[in-house]
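Each of the next two complexes has subunit A plus one other chain: subunit B in the first, subunit C in the second.
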Partner chain A sequence: MKKVLFVIYQSPVGTIWPNEGFRTAFGMYAADIEPDVLLIDQGAIVVGTETEPAKLGLLPIKVCQKYIKKYETKVWVEKESLEKFNVRVLDQEYNAEIISRADVKAMLAEYDRVVFM
Partner chain B sequence: MDKLKITIQVMVPPYSYEDLDTALRIAEAGLDRGHDVGIFLFADSVLSTFSKVKPVRTDRNIPKQMQELIENKGLRVDICGICMDYRGVTREEAIPGAVPSGLPELAELIETSDRFINLMA
Partner chain C sequence: MLILIKYGTENPAENWKLEMAATDDVIVLIQNGVFWAVTAEGKKALAGKKVYALKADLEARGYAVQDCPVEAIDYSGLIELLEQNEKTMS
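This part shows the complex of A and B:
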């Protein structure tokens, strides 16, 4: 079984990539792949409690939460990115684990595939 | 060298970015060396299969280039079917040989490819 990490680095408001990243990650279960998701740079904004693109009539992001829970998808979020974008309160429904940039570097080597979205 | 299965995933549109050009060059180089090469088109990159594009004469016709690689060198092209529907690209309008596909097929390619290249602008 291959380990695949999806790295989401673009904003959930103004781009489709957080949605597409999560959707693609969930699609991996069809091949018995265990996907993880890493949120960095503007992607870290996803986990903020107040992040709701749906309020602007955009594609909702919180719909991903039920599938994260259903599949027990591991979600990581980079500490420095949270600080950079002032994300102080995390929505616990993402069950995201905070990881430092230094540890991300080591973590990337543990995956067979790293897909940036 | 052993024959490798190589998959290249592209995400962005063909005439705003040049990832499709990169994918086609890598694909052709791999095919010329006898490897099994495929391109998986995701999101706006599916527009690169639209057979009715009409670039100016000095520019490249990406769908045509892709079709030639399919027909002459055996390139595999998978198109995300949901992404096609989203963008109104029908099977009839897509270049011949490009096959509507989906996330289960992408997962299979990620699992079984010897090399997986992800191009994201």
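This part shows the complex of A and C:
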């Protein structure tokens, strides 16, 4: 089974890429591919409790949570990005695991494909 | 692992990819990624790494291959690198 890491680095407010990243990851379950998701840079704000683009009438992001739970998708969020964007309280519904940049570097070799979205 | 860089030096994802690059990784600059090879900040980030730039993307942006500090490759060269590296980051 191929392992693919989707790296989401853009904000969920004003771009569709976090939604697309999760949607694409969920689509991998139809194939023989194991997807994980890593949130870095502005993408890290996805897991903030108060983050919800729907507040501005934009595409909701928390809709992804039920599929993360359903498919048991592994979600990582980079520690340095959480600190950079001052994300202090994480929405537990994402079940995101915090990982340092150094540990991400060591982890990348496990993946057959790393795709930035 | 083969790492494709397609955006310029201002892009956070490309900066992150280069920071994550291991010493044996192969980096290929395509599209606006070729700006990394011709700017001071880009050259600094590429130092010590195994880097190639796509010739067509250099020339389309007005850069001569002989002025490029990294090895220029054509599309056939890119395909060879893709075949040689089972893992990719893009």
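Observations
Just so it is clear, the second predicted complex is superposed on the first by the 117 of 117 C-alpha atoms of A that agree within 3 Å, B and C clash if a C-alpha of one lies under 4 Å from a C-alpha of the other, contacts with A are read in each partner's own complex, and residues count from 1 in each chain.
The rule is simple: a residue touches a chain if its C-beta (ideal position, glycine included) is under 8 Å from a C-beta of that chain, and two chains touch if they have at least 3 such contacts.
Note that the structure is a prediction, hence the values are computed from the model and not measured.
Shared-chain residue A:Ile16: touches subunit B; no touch with subunit C. Shared-chain residue A:Phe116: touches subunit B and subunit C both. Of the two partners subunit B and subunit C, more subunit A residues are in touch with B.
Applying the stated contact rule after C-alpha superposition, one finds that A:Ile40 touches subunit C and leaves subunit B untouched. In the superposed model, A:Gly27 lies in contact with subunit B only, and not with subunit C. When the two structures are aligned on the shared chain, A:Lys55 is found in touch with neither subunit B nor subunit C. When the two structures are aligned on the shared chain, A:Lys69 is found in touch with neither subunit B nor subunit C. In the superposition on chain A, A:Leu108 makes contact with subunit C only, while subunit B stays out of contact range.
Contacts of A:Lys2 after superposition on the shared chain: subunit B is touched, whereas subunit C is not. Subunit A uses residues 113-116 to touch subunit B in one structure and subunit C in the other. Every residue of subunit A that touches subunit B in the complex is listed here, in rising order: 1-2, 4, 16, 20, 23-24, 26-33, 113-117.
Per the touch definition, subunit A reaches subunit C in the complex via residues 7, 9, 40-42, 101, 104-105, 108-109, 111-116. If you check the complex, the residues on subunit B that touch subunit A are 9, 11, 42-43, 102-104, 106-108, 110-111, 116, 118, 120. Remark: subunit C residues 1, 12-13, 16-17, 19-20, 22, 86-90 touch subunit A in the complex.
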